[in-house]
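Two complexes are shown next, each including chain A; its partner changes from chain B in the first to chain C in the second.
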Partner chain A sequence: MIQRRPFFITFLAPAVVTAVILAAALFEVLQYSVREFVPGSLNVGGFTLDNFTRINRPIYWWVLLDTFYISLLTAVFSLLLSYPVAFALVRAKRDWVRSLLVSLSITPLFTGEIVRTFSWMLMLGSDGFINSMLRKLSLIDMPLQIMYTRLGVVVALVQFSMPVMIILLATAISHVDRDCEKAAANLGASPGAVFWRITLPLTLPGILSGIVVVFAWTMSAFSTPQLIGGGKVLMISNLVYLQGFSVLNLPFAATLSLIALIAALGSLVLMKSLTGRLEKRLAIG
Partner chain B sequence: MTQTPIVPAAVELVRVRKDFGSAVGVADVSLKIERGEFLTLLGPSGCGKSTLLGMIAGFLTPTAGKIVVDGDDITGVEPYRRDIGMVFQSYALFPHMNVFDNIAFGLRMRKMAKAEIVAEVRRAIEMMKLDGFEERRVSQLSGGQQQRVALARAVVIRPKVLLLDEPLSALDKNLRAQMQVELSDLHRKTGLTTIFVTHDQGEALSLSDRIVVMNRGEVQQVATPIELYRTPANGFVASFIGEINALPVARYEIDGTDAALALPGAGRLVAPARPDRGFAHGAQVRAFLRPEHVRPALPDETVANVVRGVVTTHIYQGSHTITRVEVEGIGLIETRVTGAEIVGAYPIGAPIALVLDIGQAVLLAAP
Partner chain C sequence: MTSHRLRSLGFWSLVVAILAYMTLPTLVVLMTSVNPTEILAFPPEGISFQWYEKALTYPDFQRAFKNGLIVTSLASTAALIVGSTFAWLVHRYTFRGRGLLEAVLWSPLIIPHFTLGFGFLLLGGAFGLQQGYVMIVLAHMVLVMPFVTRAVYVSLANIDPDLTRAAANLGASPFHVLTRIELPLVLPGMAGGWLIAAVLSLTEFTASLYVTGSRTQTLPVAMYNYIREYADPTVSAISALLIIATTLIMFIADRAFGLRRVLAIDTH
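And now, the complex of A and B:
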C-alpha cells in the first residue's frame, strides 16, 4: 500500500508530529515525577522515588476514588437523561422537532466550559435561580447547599457531557433496523416489549461507548469541579493543579498526573473488556 | 409433519384507501381472500401492493375503508394484537438473538409455557429443515437459511394470515427457484391464508391461487394465473404478465363468420369471429399477441395473416429463441420458437415472413 501510494507518508506526517510531541511531553512528566522537590524553587533536585511513596496516603487515594465515583455517576446520569432526547431526536416525525432537538443538544458544545460552569454557579448558588425559586414557592426555608458539593459538580458535568452522549446514542438509534421493530410488533410484542427486547439491546454498543467516552472525559475534568467544587470537591486534576501551581511542587504534581493517567487508562481497558464481553454475549456486531 | 391444525382466516378488504399527503397510495381497493387461499399482489414498484400489505399487518392506518379478518373489523387494532404473521423483504431477523430465540420470540410474547415453546420451536425447525442451527447467530446463516428462519418465526405463532413481502427478491436465481418450491410446500402443509407481494410475474404465476394485478394504487384485475395470462383485462395487465406484442389500433370488421382487423398501412388480419369478444362492426380495437403465437412461415406456405419484415435481433435462451422482427406498418413483433434453428436460418437483416395466430390474440377496445 505504502509503496504503491507514496503520498500516504505525507498524509501521516501530522500524526507523527503530534505523536512525537505528546511522547516528549509524557517523558518530561515521567522525568519530573522521579525528581526531588526543592521548596521555594521551580528547579528540581536529583533522582528520588519519594514522590511515589508519598502518594500512598489516604487523602490522595480518596481523591482518586472520588474522581472515579464522580465520573461514573456523570456517565450514568448523562446516559439516563440523553437516551430519551436521542430517541426523540432520531424518531421525531416532524422535521422542525428534529432540528430543534439537534440544535438544543449540540449548541452547548459551542459555549466554552468556563461560560457553562459560570452559568451553573448562577443557577446553583444559595441566592441562585433554583434556591430563590424554591424559596418563593415556599418549599424551603433555608437555601439548599448545592454549590461546593458533589451533587453540584455532577449536575454541571452531566450537562457538560450530554451533547457527546446524545450524538453517540443518536447514531446508534438511527442504525436500528426499523423492520426488526416492526417484526417484533408483528410477532406480538407491545411497544414496551419492542423497546426493551429489540431497540435497547440493538443500541447497546452505542450505550457502552457513550459510557466509556463520558467516563474518560469526566476523569480529566478540571474547571467544572474547580469552580463548582470550590476546593471542597477535589478531582484528580484539581489536586494536580493545587500541587503544581499553589504549592509549586512540580515533581509531585507530575507523579499525580502519571497516576491519574494510569488509572484512566486502566479503567478504560477494564471497561473495554467488559463491554466487549457483553456485546459478544448478546451477539451484536 | 402434522401440526395441531392452524385455522386459516378469511380476509376482506372493504374500499381500503391510503393517501400520502395528496398522493394516492392505495385507491379504494375491495377484495375478498378465501380461507387458505394463496393470493398474490402483483405490480410494479410504487403500485401500492406493499402499502396494502402494511395496512393488513397494521403498520399503516388506512385513510378510509376497513379490513375484516374472519368477520372482525381489525382496522384500528394495533399490529401486536392482530395474530398476522409476516415475512419481511429484509427478513428482519433479530441480530442479537440466535436462531432458536428468533423463532421462539412470538411464543414468548404470548407467554406460552417453556416446555411448550421448546416443542413448538423444534417442530418449526424440523419443518423448515433448520436442524442443528438452533444456536447459530443469524449473521452466520446463508440467505436461504435466513429466509427459512423468517418463515419459521412467522408460522410458529399459528397466525390467522401469513403475509409475505417480496421474500424472494434478496436471493440469487437458483435459490429463488428452490425457495418457491418450499413456499408452496409450506402453504400446502400449513394451509395458511397467504398474501404474497411481488413484482416478479414468474413467481406470481407459479405460486398463486389467484393474482391481484395492481397499478398506481388501483386493482387492474383479479384472476387465476391461467385466466390472467390468457385473458388479460386491459393493456396494462396484458403487457405486465409475460411477453406480448401490442399491435397498432385497428378497425374491427365483422364479415359473416369471420372477423377482420383492418390495420392502417398493413392490410387485414382475419380471425374467426368469437361472440365473447363482443365488439361491434367498426369498433376501434387493439390486438395483443403472445410471442409463442407468432411463427416464421414455411417456404411456399399459403395461409392467412402472413406479414413480412426484417430480422433485427435474436435473443437465444437455450430452450427457445426470441426473435425481433421489424414489420412494416406494424412495428417490432417478437416471435418465440423452440431451439436455435431460426438464428441460422434468418440472420440479422434477412427478410422473414411471420404467421400471426390472430385467433389466440387478446382484443381490447382501444381508448
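And now, the complex of A and C:
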C-alpha cells in the first residue's frame, strides 16, 4: 500500500498533545477567573462574575493605565534608540562592523530578565554606577532617586526591548530597495530628504510592528517593575503576583492575568490590521 | 571636512552612544563581580574572586543550578522533539484544524509569561502536581518550543524540493526520504533551535516563579530570592557566569549553525 501521507500521525500526535496541555493550562486561568474567592482558603467557591466587576475600581484602573503608559513610553523610546543601530547594522560597509553590531545588540536578549534587571539595579541605585559617576564629576551632591520610580523602570525596559526592536527594524531596512534611494538622489534629493521621504516611509510596516510587539511584550514585564519599581511602580503583572501570592486571591489573580492576555492579543490584532492597510497603501502608492 | 563626512561622524557617534547604553549594565555587573568589598565602588579598588567562591558554594544556588539543569535538559529536548515534528507537519501537510493547532502552539510568544505560569500552577494544583518537575518542564517546553519550530521550519523550507522528489522517484521509501535526505539537511537547524531553547529555558524567570517551589526553584528564581534579602556582589558573580556562559553558547551557535538565519536577521 502506498502511504499518501507518510508519518502524518507521527508528526501530528506530539503537537496535539502539547496543544491540549497548553489549552488546559489557559482554561484553568479562565475557569478560576469566574470562581468565587473564599478568604483564607485556596479552594474556590461557585461560579460568579464578581471578579470582573471588581476591576471597575479606580485603583485597578490606575494600574491598568500605568501599565499602558509605561509600555507605550518604552515602545516609543525603544524605537527612537533602535532605529539608528538597526540602520547601521544593515548599512555598515565592513563585515566585521556588522558582526560586532549584531553581537552587541542581540546578546542581551539571551542573558535572561533577572540578570538584566539586577544589572540595572546596580546602575540606578543610590550608590549605583550612575550616581557614583555623577558624584565623582561633582555634578550632584545628593544621589538622584531613580530606583523605585517610573523613570527607572522605563530606562531598564527600553534596554530590554531593544534587541527585539532592532531585529524587526533591521529586517525592514534590509528590504528597502536601494534603487529607490539612488533614483531620488540622482534626481537631486539631499541625503536627508532621501532618508525622510524614501527610506523611513518604506520601513513604516517594520516600525509599526516593532512598536506593537514591544508594547505587548512590555505589558507582560514582571521582574523589572517588581525589583526596580519596588512596589512604588505597579504594573498589572505585579498586581497578579500580589493577589496570587500575598492575598492568595487566586480567582482575582486569574481575572487580572486574563485581562493582561486579552490586552496583549488585542494590540497584536490591531497591529495586523494596521500593517495590512499600510502595506496595501504602500503597494498602491 | 565635507558635510557628508561630518554627518557620518555624527551618526556613528550616536550609534556608539546608544550601544554604550545597551552594554554598560553588563559591564557594570562584570565589574562589581570582582569588587573586593561588600560596598560597591566604581571602579573597584582591587580585584577579588571571593564573590564567585561564595556564589558557587551557596547551597541555594547549587541546588537551583542542579534543578535548572534537570528542567532545561528535559524541557529543551522535549521541545526539540515536539517542535521538530510540528515543523515537519506544517511543512508537509495541510489538514482541517491546522490553523487552530498553529495558533495554540505559537501563542506562547504572545501570552504573558505570568499568565502562562499561573495557568500551569493551577493545572498542577488540579492534578496534585503543584511545584513539581512535571509542571515546570511542561511550562518551559511550551514557552521555548516556538523557537525550535521556527528554526527547523526555516531549514525545511530551504531544502530543494527536487532533492526529495528525486529520491522518491528513484525508489526511496518515505522513511528513507525522511532520515537520509531531510534529516541530515535539517540537523543544523535542529541543533541551533535546541541551543536557543536551552538558553531561554535556563534563564526563564517569570513563569518559573509561579510553577516552582522552594525545593524545585531554578537559578533565576533563587537569584531573585537572594536579591530581595541581601545586597552583596554574590549575585553579580553568578550573573557574570551566566552572561559569559550564554554569550559563549550563542557565539558557538552562530558560528556552527548560522544563528542569524535561525533568528531571521538578514543584513543583506
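Here is the rule we go by: the second predicted complex is superposed on the first by the 248 of 285 C-alpha atoms of A that agree within 3 Å, B and C clash if a C-alpha of one lies under 4 Å from a C-alpha of the other, contacts with A are read in each partner's own complex, and residues count from 1 in each chain.
The definition used in the following text is that contacts are C-beta pairs under 8 Å (C-beta built on N, C-alpha and C of every residue); 3 or more make two chains touch, one makes a residue touch a chain.
Treat the numbers as computed from the prediction; the structure is a model and nothing was measured.
In the superposition on chain A, contact of A:Ser220 is made with chain C only, not with chain B. By the touch criterion defined above, A:Tyr241 lies against chain C but remains apart from chain B after alignment on the C-alpha atoms of chain A.
Within the superposed three-chain arrangement, the count of touched residues of chain A is higher for C, of the candidates chain B and chain C. When both complexes are overlaid on chain A, the residue A:Asn186 reaches chain B alone and has no touch with chain C. Once chain A of one complex is fitted onto chain A of the other, the partner contacts of A:Asp177 are limited to chain B, with no touch recorded for chain C. Once chain A of one complex is fitted onto chain A of the other, the partner contacts of A:Pro201 are limited to chain B, with no touch recorded for chain C. When the two complexes are laid over each other on chain A, chain A has residues 191 in contact with both chain B and chain C. Interface residues of chain C facing chain A in the complex, by the touch rule stated above, are 4, 7, 11-12, 14-15, 18-19, 21-26, 28-29, 32, 39-42, 81-82, 85-86, 88-89, 92-93, 95, 101, 104-105, 107-108, 110-116, 118-120, 122-123, 125-126, 138-139, 141-142, 145, 174-175, 178, 196, 199-200, 202-206, 209-210, 220, 223-224, 227-228, 235-236, 239, 242-243, 246-247, 249-251, 260, 263-268.
Within the complex formed with chain C, the residues of chain A that make contact are 3, 5-8, 10-12, 14-19, 21-29, 31-32, 42, 81, 84-85, 88-90, 98, 101-108, 110-116, 118-123, 127-129, 132-133, 136, 159, 162, 167, 170-171, 174, 191, 216, 219-220, 222-223, 227, 237, 240-241, 244, 250, 253-254, 257-258, 260-261, 264-265, 268. Touching chain B in their complex are the following residues of chain A: 177, 179-180, 182-191, 193, 197-198, 201-202, 204, 282-284. Those residues of chain B whose C-beta lies close enough to touch chain A in the complex are 57-59, 78-86, 88, 90, 92-98, 105-106, 109-110, 137, 139, 153-154, 157.
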